[in-house]
Amino acid sequence: MQFVLVHGAWHDGHCWAEVAGALARAGHRVGAPTLAGHGQDARRDVSHADCSRGVVEYIVQAGLDEVVLVGHSFGGSVVQKVAEAIPARLRRLVFFNAFVLLDGQCVLDEHPPHYRAIIERLSRASGDGSFRLPFRVWRETFMNDADLATARRAWGRTSPEPIGPFRDRLRLPRFFGLDLPRSWLNARDDTALPPGPQWGWHPRLSSRLGPYRLVQMPGGHETLFTDPELLACKLIEAGRD
Amino acid sequence: MQFVLVHGAWHDGHCWAEVAGALARAGHRVGAPTLAGHGQDARRDVSHADCSRGVVEYIVQAGLDEVVLVGHSFGGSVVQKVAEAIPARLRRLVFFNAFVLLDGQCVLDEHPPHYRAIIERLSRASGDGSFRLPFRVWRETFMNDADLATARRAWGRTSPEPIGPFRDRLRLPRFFGLDLPRSWLNARDDTALPPGPQWGWHPRLSSRLGPYRLVQMPGGHETLFTDPELLACKLIEAGRD
Amino acid sequence: MQFVLVHGAWHDGHCWAEVAGALARAGHRVGAPTLAGHGQDARRDVSHADCSRGVVEYIVQAGLDEVVLVGHSFGGSVVQKVAEAIPARLRRLVFFNAFVLLDGQCVLDEHPPHYRAIIERLSRASGDGSFRLPFRVWRETFMNDADLATARRAWGRTSPEPIGPFRDRLRLPRFFGLDLPRSWLNARDDTALPPGPQWGWHPRLSSRLGPYRLVQMPGGHETLFTDPELLACKLIEAGRD
């Protein structure tokens, strides 16, 4: 399969290194672009449209077809816009504990009020509008399945997140009518969003996809660091026919 | 133990072949009758009462006692009626991601509106009122844990489902007062009903049983094909003492 | 780590014997006091304050610091009061399918009405106000993951529960403002409280903790008997930095 992996907040394309290696060893092709305003990209004043445009250009310029397009976390909202732009190049969408926004929503809308308040406060304090969760919060709620050394190592691979793509409201006139197969990969111990019917990932956001293929695995929000081999296996199950 | 396994929609008694083999090797006796109007039965104009009457006759004519009566999916509604008819022959009821109807409901009532619409449309188009889900829908939502070859092989063992037993409203004056031990076996990746508080199998339908024994396993709706050995183990856990 | 394990209803400190052994073999120190009015304690006319005072005294008299304080089931409500009393001695709170009461609640408030009725009836009938669940109910809903011999053996280690600590309303003016790390250890097959949004353990009670570290494991309410080795591993994951 041809995978294109879209990373989440605070990450860049390199976060997939171990997962991509495992997928390649299993015979698959993998692309993992860095979204605009992320990682080494010096700009932090980017928009959500900059993010999705970059992925579209990546796929088109590489001439990729039959793409299994994977979005993790924030990356789910990017997958939605990419799917609207170039559906004919895609074979299946995989949402891996990822945002599925309704038409007119922004990513911040899907965060509990006290998370929104923290994010806005951190963004104002940073100088360039970007924000980064305190290590302690991230360690507890994103890396709950890791030991401290793994959590610290993963933290060292993150960078500040631009606020624009979290605030931009998305127009999604076509997404929910697309005839593209959809999978939801659920990490069952993920508490990056508070578990439960009000804010939890699954089945709250997954159910917005209409009929979807469910694949589940143990682990928290960052299994790309804590169990990349298993994650690669589950992405194959989520992406296969 | 003496198991009697009641299959779900689109199936017949042969669907349990691998599970029954594993149970027999573990020292248990297994019956797996085909419901009226299912499988090789030429009639498709059957009622829900025809289905439950057939299971009652199967148990009585074979002189079975201390039966662990297992219902899968649609088969749960049959187990309810059989339990009302011959409670003294039963030792325990096991609902395996199965319908637990309230007094006066029909099986269609427990399907989301868009599923009901699809089922009614397919039934009208079939000539004899029966219906079969499109392979793609079934593969995605019933066989999400299978590779394509396994999904195709399982699909080849299904047959059209009569509509009558889905539409018939059940009178259940005694079921909820029966003093029979009850288990719920939950396949955690089952999306045959959309997961979530509104339509999901568990804990929505299981909670109707009052106090019950919960046993859980990985897998989708059709673990009788995807993992019959594990399913047999879990049925033993659900049915013991 | 220095663990202090607070048992639940019908138990005493000896219920942790196998778990404590596994923790000790992994290099940790473990205390497991028996709550007032439990086990061999002849009194059954105790209050919730007697229970929490005993744990405070246990920790203070032993001079323990940096305690990972674990509460199981009823023990969660005791952990809340101990945390208010001696927060500086604690490193982290671990709620293991445990009650997290709101200010002014009693433990009975978090039981479904039909459970409350059974408990009050059993308490009135016992002579000294204590109560014990019938074996059949306990075997089905607490020991659902056990065979009958294990369930009987565990049952043999229980004793009548005093009613006072279930009825006493707790003042919790400080608990929800404490800056102590909190974990929730969830046994996924636990049906001691009926699963679901209305009465279930997780995420209903866990979400009251605010941001918390989630650790999950298979098993019912009594994994301290059915899988003490795994439980010890998970307590370490829940308690570590």
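The letters A, B and C name the chains in turn, as written, and every chain counts its residues from 1.
By definition in this document, contacts are C-beta pairs under 8 Å (C-beta built on N, C-alpha and C of every residue); 3 or more make two chains touch, one makes a residue touch a chain.
Every value quoted in this text rests on a predicted model; they were computed, and no experiment measured them.
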| item | value |
| --- | --- |
| Chain contact topology (line, ring, star, complete or other) | complete |
| Fitted rotation between chain A and its twin chain C in degrees, CA, nearest 5 | 120 |
| Interface numbering overlap (same over half, different under half) for chain A and chain B | different |
| Whole-Å gap separating chain A and chain B, where each centre is the average of the chain's CA atoms | 37 |
| Per-residue multi-chain contacts in chain C, two or more chains | 197 |
| Touching residues (chain side chain C, partner chain B) in the complex | 137, 139-141, 144-145, 147-148, 188-189, 191, 194-197, 200, 218, 220 |
| Chain C contact footprint on chain B (complex, rising order) | 181, 197, 202-204, 206-207, 211-216, 237, 240-241 |
